[in-house]
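Next come two complexes built around subunit A: one with subunit B, the other with subunit C.
Showing the complex of A and B:
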């Protein structure tokens, strides 16, 4: 099932990739556009730091570390599954039904639908900021701490992917509410670009226990920098991001299956 | 008189068209509220560190955030209003039908877009603003005069916003595809209107330039009018000036475009 899904995903994504590459200039322009557009968030942070030396007690390299991790991991999830926000439109015009009768996993088809390599723009600028942050931030590096960085990116991408899948399942139930998903996906990555100390305790609690986005970067980065996390947590959770990622993906997958079973076509 | 009724009808149509997507509107309200919450906390931290940044106190910074969320869809800061439909119609050739109508093209689309803006304001913008007002200290004026001036400034902002997007849409007459223009429009709109940070807080000469661009007429000027941070006549003049210049430019481009229009297809 999994192999079949990955294969189908690869085939469909490859098709869209070839289609996109037909217009090379257009591809290059949209890639740059995506890079600039998604980079505006970092420009905002730079503008803020042109006026202050710290935000919520965090320095620019420290905030950049949060930013780089949030944007890179979100960028990967967005590249792989970001097309899911057109699901609502597909259900309304009935073309979702076509996907259901094809002999390939629906999730792979929906994820790879309109696969847009321009989304690499976000990953590129996130990775550049992350690279700069890693060399400028003041961390007492050790082997576990170095290993924590790639673990964060991968777990973060998995957590955001779970949010995308859960959002897609929600869209099937709610029909036309792609924007609700945006609050958690785009809103989530924006939230994680700023230090947890900036936000109200309840918001941090919500992002830690309810929708555990905090494990994308907040919790592990607080460990890296030796900063206290605003909500009391046992020390081992600094390394718990992969577990949290699995714990997110399983219910998201189940919700997706339930949603597919409950789907009623518009029937026109 | 008859033509005023026509454009009123178009505006009502624009309003009702967007009013029919109830679930999407509710979802938009939720998203704007979440983004408002995130931004409010970051701004509070910023103003905690630098009290009086850009001439605002914390309550004014909070007001600015929620006003921005309120106007985000209203003024189509990211694009996605009349210009999107217009681009499609130019690309597909349906624009020929619009040109054939006994109505002014620019006014027709302006009326529809103002109707859309009004709905987005009432349906989508007001609730996040009220949520902000309920849970955070805001700097709102007590005098009715400022609220009246604020209403005028919003209408002018809607016209400037439309005029910019109308110009962008007309470029499709030459480019045949609106994707690149839409992207530029989105980047400039989000950044130069003060959606990421109040333009008052932009540093140095860069800030001076951005504050004179037409995008400043969209969030910064209405916010300053509402909070009594700027002289009302000057604000009106700034917005009206840009509106006249951009609408005039739109008419020039429009006449150039329609003289060369070749409708594709059989």
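Showing the complex of A and C:
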């Protein structure tokens, strides 16, 4: 099933790449545009630090670490599953039906839909900031702490992916609600670019326990920097991100399956 | 392969038993107030289609045709009843079923808009894991039959509607499906394209014994292709049998339109043919669809100054409406378009 999905994903993404290449100029322009657009978020943070020395008690390299992790993780999830927002359009015009009669997992087909390498822009930009943050930040590096970095990126990507899939399932139930999904995905990654200490306790609690986005970077980064997490948590959770990722992906997958069974199609 | 689906001599390739589909519809009835009600799109339908049959599935808009097709292909999950295609429960094993069925949605293409036609076929080749030799052979045969050879390198967006429809049919058949579902395969096509598509489907059914189930608004599709017709109305199967029988139970009429050399009083036609409309030198005569027009035409030609003529088929809605309501005068049959 997973192998089939990856294979189908590759086939369809390849078709979209080729289709995209028929408009070369647009292809290049959107790639550059995406790099610049997503980079503006970090420019905003730099502007703030030109006026203040710390944000919620966090220095620039520390915030950059949060930013780099959030954007890179989200970028990977967005590259793989970011087409979920065209799902609504596909359901409205009825073309979602045509995906359901193919011998390939629907999630792979939807994920690969409108695949565009311009989404690499976000990952590149996040990785650059992350790289700079890792060498600038004041951390007493040890082997577990070094290992924690790639674990964070992968777990974070998985947590965001789960949110994308759950959002897609919700779109099918609610007959197009891309904005609700965007609030959690694009809204989530923006939230995580800032230290938890600048937000209200309730918001941090929500992002920790309700939609556990905090495990993408906040919780493990607090461990790296030796900071207390604003919401009381046992110390071992610093390494719990992979578990949280699995705990998110399983219900998201089940919700997606339930949504496909409940799919209503259009009138014709 | 398919041992459990075989019952005696007949092979019920497609089997529906008491299949229902109920939609819950929420309607806005005021500010923040919504009323829920249930719509029974398909209401306890049962039928069986044998391997190699070619069946027309017709009915007015919103009767439940598409909903049935979507349940047969696994797109929708039935609310109740039992449904099997090739022994498979479609909504549970959609992926396994996909290898054995072909689907053409008349109004939405599955071809890649910006890429040459051949690229869409290459994707099918790999996605369906069609063995290379079989793919080549099928592609060559289908492309030749549907006259697409010169168009394989043309981007799909540059194809005409008729060419695209033929392209879609090829895409649906490359993996040798045992059953082909066609949803309005001739909608919007010109006469030549329609003829090509029909001729192709006839051959496919005759030579490959592919089971074909098609929905259409075009009575000629049914007349030229299907030995069996199923009529659905308000989610219920109201007729299942030969097309001739449908005409009988609907007492449908064809219309002969004649242009005379000058204005004349209504033609004295032999019953049951009768003049239903006169407009200057043009007259409209209704006659039973089951009868040949030849006798009537010969008689008029002999007695009147005939300049031109045409025969109009009854449209499917009119036939069904008559059958359903036994209303032979409520709607003008085969009303000519000026």
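Quick notes on this one:
The working rule: the second predicted complex is superposed on the first by the 264 of 268 C-alpha atoms of A that agree within 3 Å, B and C clash if a C-alpha of one lies under 4 Å from a C-alpha of the other, contacts with A are read in each partner's own complex, and residues count from 1 in each chain.
Assume a contact is a pair of C-beta atoms (placed from the backbone, for glycine too) under 8 Å apart; a residue touches a chain by one contact, two chains touch by 3 or more.
None of the values given here were measured: they were computed from a predicted structure.
By the touch criterion defined above, A:144 reaches neither subunit B nor subunit C. By the touch criterion defined above, A:18 reaches subunit C but does not reach subunit B.
In the superposed model, A:93 makes contact with subunit C only, not with subunit B.
Applying the stated contact rule after C-alpha superposition, one finds that A:102 touches subunit C and leaves subunit B untouched. By the touch criterion defined above, A:251 lies against neither subunit B nor subunit C after alignment on the C-alpha atoms of chain A.
When the two structures are aligned on the shared chain, A:264 is found in touch with subunit C, with no touch to subunit B. Of the two partner chains placed by superposition, A:131 touches none, neither subunit B nor subunit C.
Of the two partners, subunit B and subunit C, it is B that touches more residues of subunit A. Residues of subunit A that lie in the contact sets of both subunit B and subunit C are absent, per the superposition on chain A.
On the subunit A side of its complex with subunit C, the touching residues are 4, 8, 11-12, 15, 18-19, 22-23, 93-95, 97-98, 100-105, 261-265, 267-268. Against subunit B, in their complex, subunit A makes its touches with residues 26, 29-30, 33, 36-37, 40-41, 43-44, 47-48, 50-56, 174-180, 182-184, 187, 190-191, 194, 197-200, 203. Those residues of subunit C that touch subunit A in the complex are listed here as 23, 62, 66-67, 70, 73-77, 91, 94-96, 98-99, 101, 103, 105, 107-108, 110, 112-115, 119, 123, 126-128, 155.
Interface residues of subunit B, counted against subunit A in their complex, comprise 21, 23-24, 26-28, 30-31, 34-35, 37-38, 41-42, 44-46, 49-50, 53, 177, 179-180, 183-184, 186-187, 190-191, 196-197, 201-203.
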